[in-house]
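By written order: A, B, C, D and E. Residues from 1 in each chain.
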Amino acid sequence: MSIEPRTDDVVAHTDDRVDRALGRRRWVRRLRLSQVHSTWRQPSVVLAMVLLAAWVLAALLAPVIAGQDPIAQSGDLYMPPSGAHWFGTDELGRDVFARVVHGARLSLPLAVIIVACALAIGGLLGLLAGYLGRGFDEAIMRVTDLVFAFPQIILAMAVAAAFGPSTQNAVIALVIVSWPVYARVIRSAVLSIRSSDFLAASRLLGVGPWRALRKDVLPNSVGPAVVLATLELGNAVLMLAALSFLGLGPRPPAPEWGAMIAAGSKDLSIWWVSVFPGLAILTVVLAFNVIGDALRDRLDPRYAKGLS
Amino acid sequence: GGSGSGGGAGGGDSDDGGATQGGTLTVSTSFVVNSLDPGQVYEATGALAVHAMYDTLVTFEGSDVTTPVPLLAESWEVNDDATEFTFTLTDGAVFSDGSPVTAEDVVFSINRLHNLQGSPAVTVEGLAASSPSEGVVVVTSEQSNPSVPTILAMPAAGILNAEATEAEGGTAAEDAASVDAATDFLNGASLGSGPYMLDSFDPASEIVLTANPEYWGETPGYQRIVISNVEAETQKLTMQRAEGDQIALDLSGRLLEDLPESVQVSASQDTFYFLTLHQDPAVSEITSNPDFVRALRASIDYDGLAALFGEDALPAAGMVPTAFPGALPEVEAQQQDLDAAADHLEASGITDPTVELMYPAITYRGVDLGTIATKIQFDAEQAGIEIVLDPQPIASFLEAQTAGEVPFRFSPQSLNYPVAASLVNNFAPGQASAERTGWTEDRASEEIIAAGEAVQSAPDSESQISAIQDWQHLLNEESPYVTLAYNSGVVAATETIANAEYSPAGWQVDLRAVAPQ
Amino acid sequence: MVMRKGYSMSAQAQAALEVTDLEVTFRSRGRGTVHAVDGVSLSVARGEVVGLVGESGCGKSSFARAVVGLERVSGGSVRLDGREVQPVGWRVRSDVRVQMVFQNPYSSLNPRRTIGSQIRDGVPPDVTDPEADVADLLERVGLGAEAATRYPHQFSGGQRQRVAIARALAPRPEILIADEPVTALDASAQAQIVTLLTSLVRDLDVGMLFISHDLALVRQIADRTAVMYLGRIVEDGATDAVWGDPAHPYTHALIDAIPRISAQASLPETLAGEVPDAAHVPTGCRFRPRCASAMDICAEEPPVVRLGDRHTACWLHIETKEKQDV
Amino acid sequence: MTALLEVENLGVHLPGDMPVIHDATLRVDEGEVVGVAGESGSGKSMTASALLGLLPPGARTSGAARLHGVPGPGGTSTVDLLGLRGAEWNRVRGTEIAMVFQDATASLHPMLSVGRQLTEHMRVHLGMDKSAARRRAVELLDRVRIPDPDRALRAYPHQFSGGMRQRVAIASALACHPRLLIADEPTTALDVTVQAGILRLLDELRTETGLSVLFVTHDLGVLASLTARSYVFYAGRVMETAATPELVTRPRHPYTAALLRARPHADESWGQGARQPLQSIPGSPVTPATAPPGCPFAPRCTHAIEECTTAVPTLSAAGPPGHELACVVRPDLTEVRA
Amino acid sequence: MSTATTSTVSRSAARRLRVGGYALGAYLLRRLVITAVLLLGVTAVTFLLVQLVPGDSMTATLSEAALQDPEIVAAYRERWGLDEPLHMQYLLYLQNVLSGDLGVSQQTGRPVLGDLMTYVPATLEIAVPAMLLSLLIGVAVGLYAAVRHGRAGDQVVRAGTLLGLSTPPFWLSLVVLYVFFFVLGVSPSGGRLSTYWVPPEQVTGVMSLDALLAGEPAMAWDAVQHAVLPVLVLTVLTVATLVRFVRSAMLEVLDQDYIRAARAKGLPGRTVLLSHVLRAGLVPVITVSGLAFAALLSGTVLVEQIFSWPGVGQYAYRAAAALDMPAILGVSLFVAVVYTVVNLIVDLLYGLIDPRIRLS
């Protein structure tokens, strides 16, 4: 037969025969698994876990660890790091170490709240979009397109500015800009499940659509959501710091890392005021990213693609 | 950094470079400039630029703000009750387009300032100009006001080319506020007779002035002056490795610390920072409580607070900054007294008060107001007063302030014109600022009203000075203002620059006078 | 004679599943309308294995999915004992007597649920001890009852297919549709699954539609065989008859293409060309462009010819048929 | 017949010390089509990959794979494929040994034109200029029966059907006159009708050009119809080798016999033979990594004895010349076919 | 990434996921329509944000004096249709936006569009080199890491990219400025040009080019020096994402049979890498570089501020600090439009490059 343009569906068809080679994929899977187990033992992942644990501990035990009141002012302004003030003091004579440690009490829970809300909203919408399909799907996807059309920080800035600067509004702004990622990722996970044979089989057995959603769709889409949420925790910390840096975050004297960097940025010679909170952000975000990466390797890497 | 061949004066090759001594002068300052129309100019940077472009009748030299000196007016006379001022114009003054400066131009400019009702109009409230004869201008004041020459030295009173301004839609008529349309033009070009002309104006980043080749007086010092909008921290960086002629206007306190020896610094404490508590119980039961105000006043650690500004700041004694005659002596500086604060708070009958403190989220003269506000919050906390900080963008802050419903606010303040009495015009009960604070005449004591009037009716500056000191003592007793500290305006300049002196007159540094050394 | 697009197999009294003139169409962007199944009639009786063979893309899976209700039917009907088979939609499927076994054992089980819980989904609600029922089903497919607590990834492909069969059997189906159930498996696992399926069909008196592209396998297990080409059935009949003496040239070609084991190496026969795109079906006899015995008359739609117990849609047999009729 | 390729005791270990091939010995003569069969995961593809140096990164090999008659600067010589490193491979790949993969869709670059994919290695290996390479490409496409070769050169793989794509892949493999073609399940993904065409094509190429083919498949039927000699793999080992007709009709290894019994008996006289139930092999296949000590097939073997679980049997002669098997028991299997 | 669609995805899913087979013309049209609709949506979002701002947008925009004047107020109300129902207001807003009227910035008192025009070239001056640099490094390093998958080089790259992703941009800018300016003294402090230079006449808007055009190589060099640090920081921020993406895209490609086939044909390793691996791997990279560019533009907000770079980013920063809504929304709208258009171009490129779309 002559060369006629073939459609992809026909192409897909011949692929089908390749299913025979499923064996091949089995080893690939095996290979991945063996790699995966080592990912958990990788020094970087262990380090990230330790780091994160340290930060969580710091947040929980901040008053004990910090030793000093993060908002107490002393006459010792702009003291460079020393034995008395490990990270020096800031423009109000506050202990930077105490502030950095207490900053964890702010950034970590807020990041968790942001991610939890975004996950709840985006996850639910994505789940329904993928599962219900058609009109609802279209609508949700167009909305996510819209949000994606704006660079995150700029939209967050605009929303936070429109609502007025405060912790609560910063959180709202960040939730607004970050839910679509979840919606997308979960939707695509759900889509592949929706067309899966096991869901079809369930429905054929007489399982109702909502029960199938709960039993078949939901459990299989949590993987990508967990990976994404972990990575997004880091992103939330970063974005929150950026908003605070812009003055759209928690109000002073809250020891917010981004705001602390902003304060330090006013004068480079007092580098310690901004360097240490920056390192705090860096380490927390890095820990989340490393763990998120490891999780992504661990869970089906196929789903994670939507992230990049 | 390649501070190469292009550096310094070499940068400004231009055709008529011979006319001036210097190439480009860079003035770095963190600015918000709404307008370069003299009739609208209000902010410090606007004043800086307008002062260089528009001649005034009289002016001040260097850092002195007590003795006006002639500029467009070669001499002037005042009547006995200080209500009528007669100015004689010099000959030979011309605008940048070559046309001569006439009395009509002066009358037009002063009346336009008045009638535009823009922000600076308050300074000429009650003044009117007329020209009885060629080359003579008479300015009358409704009240006795010895400060009229000082007022007319302000950049807002700069003299515009009336004809050219009218051609651009300008008017000095009564209805100027709604009819005048020259501001847009004046934001892009200047119509003055000063040594510099407006080259370009970018409200966000820079104002560029060029020398006026037709200038009737001494040749300007530079071919080109760039006033660029630079944050204080960057100004410091620039001064640390300055190339060419540079002036920085926001370096104060700490930021001055490790500058090279060669940088010359000139300062003058002409600004005060203060808290305002609304006196209308309908706005706030707490802030209008006089004992609460006293408790707050006693709770502030004035020394510590002044330290935040750096070496050039002082704890406040009264409202008038030390740069001006009439300031209270340093020994009278206020002190923290937590016991007294506790007593006052108890007397107020308010327990565990919480108030929201609104302030503009800006860095002013190199100091982040948030830092100061946080200090206030901390000090008040010691006295059991909880303050919630409410930073607002400057525009929102001003808007709210104008609306007059803010219970508790914090802001810096400088004088409308460099005479302490101008504060009375603004802050005495019933005056503009006091009104916005709910401090009406009936909420104020007879005593303080009388003290204010004493300042205004003082026939000479000597008696005015003692009157104003009395007034300040009373303010510290019973006013809704808590003056916190004085801070300096500072001019930091590279060693190559002459006459880079800080002037508390409003224009910070006299650009007409600065020149390469 | 009324010319119908499809035709029904010899009406057998005990036929449980009755598919009549089934049509499935897909509309895909850029490709146009695809008549994946274009008027197929077929019946499956209890205890009977019906094989359905054809090249890739000829519509076997579409047919299977439409029969169980997973694909929207655009024409014709699917009846079980005279009642329409309920499509899978937003309602809970109450009539679960038609079940399906899928091709890919790796994707037909939910990786995050235990085998037991997935099978229990199908156990009728009136069963008093569902656990025992699940254990029973697992035993029946040759897995231990203890498999119920395990997850799919703990099983090999063949074992998963057993689980899938157990699950399909849970609601006591009367018809089982198996869409290439062994294609993804090794030769030995294939044999195991096929043997299991055929024995279950006999033991439980279930009807099975066994879809495969492996003709040899179909011959091995099917009672009756239908050959599908481009959305239509071109020949059907008792398996031995179809394979022993294929009536349609397509069936013939398919059989000849199978490589055989014999002492003398011989290459299989080729069939010219390839399956055309289902969106652009040739006119007349669809097989005509590839048919070695195509004649002028083949430009017209061929009639369905009955040859004894068999049917075929080919002009070649018109003479024969007429003779028979006489 | 002269040997073209001799593989001796090939061993392959994947990273993580995972053995996949053990002591595989096999030979391909010039102009011979040799088959390799076995269940999925038995190491067929790994063997093929080892011969082209395409093993996953980090894989280790042992043994030898001698390719005879490789032209070099000083006449022809014998090359040990397992000893080749990096760029040395390019002396062999494409010109001496070429490969056709199972999935033609995946083995053609989706974004390069067919012409490009056919000619690029010709230009590298044969030093042809663009037009000469194109001319040869047209010839090749014509040879593999692709209609309208000129147009086909300008087309992209997705514009062809699966069978046509496999033909293009074969043409590409043959472009630089290799002497050995390794075909790894080239027809598994295709319909039987299309498969028949490809098998015929390969057979024609062998007769016309004297090409040697190492044909990997899991379908014994395909093996029987195309190859002259065959090897049966299980768990990375060669279990049995013999002339193909002999192997498929008189298998001597229980594993080969079991494989034959498990496939549908559709082969002999069509339409007659009464249906016999398929006989599956009990248990499931093992990989070298999971294989028990002794004969890897022992756990599934109906003939296994005690000894099978201790010693690994080695390949040794049995029956007619060329018939070798690795089995301790060597049961006397009556013919599998009735 | 349709190249990677393999049959483990159940087949019908694969069918749905595949890029549909449209002809290029139809594809183009479809993309254009989608883009137009998206842009419409973008304006709706900015409009909604305007509505969100507490109080009347009028009080925020008009000066104190103007607010006193009923005539001005009436004119303003009319122009923005403040008396009309919401959807009419939106239409008016849309009409204004389409005619280039994005409102007046409260900070600068000038039309936002004019402001943007002034600042865009400065931003492009650092954004474009940073993007090109990121692409170059991203592809090179990503490819390197993919080829060395799992080995030391790959690990180092991976660690580096994670570090890059985790670094707050504003902080990095500060640190870089501190080190290079404050400690080492090797870089200029900020701005686009040392202030002693009279900026060249604006031709291209790119300072260094304009300086060259004006015949001032020394000035051009000064301009380049000023751009180095901001470009560096922006590159660091973007390159991490790109490297990671390129790495995974290339890994996926390297895993494909057609790469094995190319090697089996005896093509030299370089040829395989450069013309086979890169070609297939770059398709998704092109797609993601659109996203990366948007990320880079957002990065400028904080970076420009710290480097006193008078671009859109600094404008946005100042607008945010001053809650200057018209300016913030103008910037948002602008960046969204740029992003959408860049994406359209990327998609069209994709269509041109990938024969499966081009020829279907």
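Some points to look at:
Basically, a contact is a pair of C-beta atoms (placed from the backbone, for glycine too) under 8 Å apart; a residue touches a chain by one contact, two chains touch by 3 or more.
Chains and their UniProt names: A, E = Peptide/nickel transport system permease protein; C, D = Peptide/nickel transport system ATP-binding protein.
Fair warning: this is a prediction, and the values are worked out from it, not measured in the lab.
Under the contact definition, chain C and chain E share the contacting chains A, D. Taking the CA centroid of chain C as reference, the farthest chain centroid is that of B. Contact counts per chain pair peak at A-E.
Rounded to a whole number, the gap between the C-alpha centres of chain A and chain B is 48 angstrom. One inter-chain figure worth recording: chain A and chain E are separated by 21 Å, centre to centre, where each centre is the mean of the chain's CA atoms.
In whole angstrom, the spacing between the mean C-alpha positions of chain B and chain D is 91.
Chain D and chain E have Cα centroids separated by 51 Å. In chain D, the residues that touch at least two other chains are 40, 102-103, 106, 155, 158-159, 161-162, 164, 191. Among the residues of chain E, those in touch with two or more other chains are 6, 8, 10, 15, 20-21, 150, 177, 181-182, 321, 323, 356, 359-360. With touch defined as above, residues shared between interfaces to two or more other chains in chain A number as follows: 1, 4-10, 13-20, 22-23, 25-26, 165, 196-197, 247, 265, 268-269. Within the complex, the chain E residues that touch chain D are 3, 6, 149-150, 256-258, 260-269, 271, 275-276, 279-280, 283, 353-356, 359-360.
Remark: chain E residues 59-60, 63-65, 69, 71-72, 106-110, 115, 118-119, 177, 181-182, 185-191, 194-198, 216, 218-219, 221-222, 225, 308, 310, 314-315, 318, 321-324 touch chain B in the complex. Against chain A, the residues of chain B that register as touching in their complex are 231-233, 236-237, 254-255, 257-258, 304, 307-308, 361, 363, 368, 370-371, 373-375, 377-378, 388-391. Residues of chain A touching chain E in their complex: 5, 7-9, 12-13, 15-16, 18-19, 22, 25, 35, 44, 142, 145-147, 149-155, 157-159, 161-165, 191-192, 195-197, 234, 238, 241-242, 245-248, 258, 261-262, 264-265, 268-269, 271, 274-275, 277-278, 281-283, 285-286, 288-290, 293, 302, 305, 308. On chain D, the positions that touch chain E within their shared complex are 52-54, 57, 86-87, 89-95, 98-99, 101-103, 106-113, 120-121, 124-125, 155-156, 158-159, 169, 172-173, 175-176.
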